[in-house]
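This structure is in structure tokens; I'll ask about it shortly.
For reference, chains read A, B, C and D in written order, and residue numbers begin at 1 within each chain.
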């Protein structure tokens, strides 16, 4: 349920209303815009007397929301959320370029790639230290050592780092990581989401392989209901009967998620296609339909990458792509 | 099987080779590029002695093609096909804007929309006279009368016309239509495809609801094997478990089809999304990833359209979109 | 809209009501059960005054049906439809075994298979004369000659014959065929469905590769709205991301279709799995959940079949399976 | 890589071979059948000299396995695995009935349901204490208290208990639970799978919403590679474009999983369909195609269940179904 307050309501009256709402076992989420304040009531609102609230002199209107997602709902919070990571900004008109290798392999590799993507214009460095692999016999990442190397690359370049967390029990290792990524396979690992909600850190939440937009938003809701509003949504391809591409990149998710939610939406064309030469056209397409950033795999030696080399761009290819992304973004938003 | 001839082979020697190949019950498809001639052998090539052909003095190389599609295969025919419709060109660097209402409803409506989309920059007019509807109780189109009205609109504006054919028995009615469209539900109506192969007319072939790219190309092959090379492929959204959109627009099909085939590829963002306000972002995305044209629904009075009004743009919205499409296309191809 | 009449309404009063309804441009479908008569009104019922009809002394109740399928809707026609083909019955407690080769290849082959499946207990003989093939270069069937051979097999065994029709223009060839099959790829070839509606012949309608149950019922509706009530629905596997099987057999469609419609529902485990050794378990499963029959591919020499040999049972395997099917059917319905 | 030993190889020679294989950093999985011993080599076998091993006098044959799953592969371990839980057996001809409510709600409820399903013939009691819910605002289960109540029901009836674990950090609470269930959303929560591999306890592994059979087997492999061979696979419906049912029950997975793996395969018709009246036909179908057991939701008061009441059978419905399941199983296996 959404309660829109009249402009210029005094602090005291607002507090009284909120105390009363809380006394009915409701959580109240306050969203203050430039012109009006919106209260989002979370919990069992079936017992709440809408007419009574609407009749209060400080209330402009009351609406029931049929959507089950609330914290991330644009109806509650009409203005775009801007997630801040170091000097970078994501959302609300700020475009963010995230790049780096699938896996962290060595200090030499990660520092070299970090320098290259920074020179090309990237805002954040990505790199996997914990790798979710379908087979238990495949390379699973360098774990703590991988995170240590990411930090060295950050020191060397100033780029904030993004890396995937697979289990809440690893959280102490991620204390000094800038953005924590939840992978597609863990999108509905609700215990992990709840724990991440308590960190306050920016969370990059990837859409699951066959999850609907509503389910993605409900998973964001798990993080936000625990108090963390720094959620970045990521479309990375869904599973269909595709024959020549690994997954089907669902770009119409971008404008639809923007309509449903105030959270920033980025796109991962590397995992979606699985083929390096398909990454540039899909990165441009994602940009043209209004995404707030791109996460792209870049490796200095794709043919020897320990995982997913076939989908990685070389640094010089990435640099060329960044120029085209900027041009398309300008053309599309004019 | 593909036979690449040496440059400057004399006409006579070439004819001898072709006669010999045909004597083995093979059809021979000749593709002449600026620098080399490629012969595509169609039929049971298992008995053909590759080594013998490769040893001929006029032959540069011989390759077996594992793909089952041949006429539409880029390996055979490396240069882009350009389909010509009146003054319009589609493919090979020529971008084509097709627009118009879902259904032809009246002379007033179709002429008004035709004038409006022409003013906005459209190259072809679309409009349904035969409508495939899931329910037998829904409006099925004006049939012969619809085609008559389309021709009036063509007269009034000079725009060539595109309209759907559902049955080969209707072909006489389509004699004076410029481009014949095969709808998604008929993509594997092989008898219809064969008949269209014999018309020689440009065919706009829509991808079926759950068909793979290979199946789409095999359906193009049905048309082309009957002698008609004027095929335009169209991605229009596939069926998944999407919750907020009618279908899932599979834009990665665009660069992948371009890699596999020399045929032009256009995109229909109106049917893919089913929601007018999602059409502009998806049209821009399709443009950015390199499609050769867009087919978009435009209606002068969407709220009273007899079918699919919810996905139609108003003329002024379409005109604004065309400007952005042109800007994105320029930015993406630079 | 459904109008339930009171018991024992006189013929004359009923005719008056029907004439009045027809005067409003409605088609009226009459379903007479043992105890009550139900009128189904088809057409634009939005102008019909429900209260007025409900107030008539011969009317027991009036309901608006939100489902868009009407003729095939169980609400209209609560009793199971039984389709009759020669001596065979399908639906309403009658179980029907259809068997035969994917393609008719020669007189020797089809007569031998027909004799074998008859001996095993089959009620109908299937065999393809017109084959919808993804590739134009694959065997397309013997066409008229195939139908001629099927008739010879019918003469030799007395088994009625089932074969696929791909185009309404072939209808004259099918005049003496007992059951006309519409293949999955033509499920939404609405022009073909309308023409079949006018034949009055039993139609075996296969579910399309990615069609919903509602769409299948709407396609049945196209046939029935043209006056033909002899429709047999067939589940034959849908397209998913299956890795080891060709399609995903959707057996829950069987009880759900029975709930929604009065039409008989049969299952094709051969096309659904594409693997002969998977046919027996899936045939038994289909039987256990209540299907009204099974269509199974049987070939006397699967390794030399011209199409789909890998999914064909040998006659002795089929005979063994029939015994198990009968036992499971008895156990499941007790 | 698989090494098949000759019959009657002495213990000492076998140990020497295994030591040598382990010295090459390979794990060796020994499977002893009645007539022969099979060694499965797990790890990087690319450096292993196949010819050298094949030439040893105790070795009958050596094969490379292209499948990436090994421990659960039937090629390694041709005989069915039988999982034991108290007096119950699952697999290898032993059929197991698991039943109970979606959620544990109260002592009264769970003990009453346990008594009812035991009387009906169930072998194990299921009940959720930790519930994975799409929305953070839905009932999440009684947690530790739910497990306590399950144990009370076990005491009252003697039925072993099955309940879902969502996070490895909850493992201490599950110490005295008989079978740990991994839900569909956690099928690729690899950290959880690894931890469960170390418990040695029977694990009921549900197939994910859109996971292939190979991915399901690879997830079983995660558990087994950590040393736990007590894995029960469970098909529970996959996500498609289904319109009238929640998911699409993929019963062809049952015979295919049996072909690929020696692990027992059970079916959950309750979650697959989401509708109580669809549970009996699908339970019978699953039985007919050879599953090793059924997990079915039963609630003594479905209309007041805290979750998924719509898919729960009443105890008397379950008892009637068990009789039919037994009859179909007998008919199908004769």
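By our rule, a residue touches a chain if its C-beta (ideal position, glycine included) is under 8 Å from a C-beta of that chain, and two chains touch if they have at least 3 such contacts.
Predicted model only: the values in this text are computed from it and were never measured.
Student: Since chain A and chain D share one sequence, what rotation angle in degrees maps the C-alpha trace of one onto the other, as a multiple of 5?
Tutor: When the C-alpha atoms are superposed, chain A turns by 180 degrees onto chain D.
Student: Answer with same or different: of all residue numbers used at the interface between chain B and chain C, are over half used by both copies?
Tutor: Mostly same residues: over half of the interface numbers shared.
Student: Calculate how many whole Å lie between the centre of chain A and the centre of chain B, each centre taken as the average of the chain's C-alpha atoms.
Tutor: Roughly 37 Å, centre to centre.
Student: So, what's the distance in Å between the C-alpha centres of chain C and chain A?
Tutor: The separation of the two C-alpha centroids amounts to 49 Å.
Student: Which residues belonging to chain D are in contact with no fewer than two other chains?
Tutor: Where chain D meets two or more other chains at a single residue, that happens at 210, 239-241.
Student: Provide the residue numbers of chain A that touch chain D in the complex, in ascending order.
Tutor: It comes out as residues 42-43, 68-70, 132-137, 166-169, 185-186, 188-192, 194, 209-211, 215, 218, 221-222, 225-226, 239.
Student: Chain D touches which residues of chain B in the complex?
Tutor: Against chain D, the touching part of chain B is residues 239-241.
Student: What residues on chain A touch chain B, complex-wise?
Tutor: Per the stated touch rule, the residues are 210, 212-214, 238, 240-245, 248-252, 254-256, 259-260, 272-273, 277-278, 281-282, 284-290, 324, 327-328, 330-332, 334.
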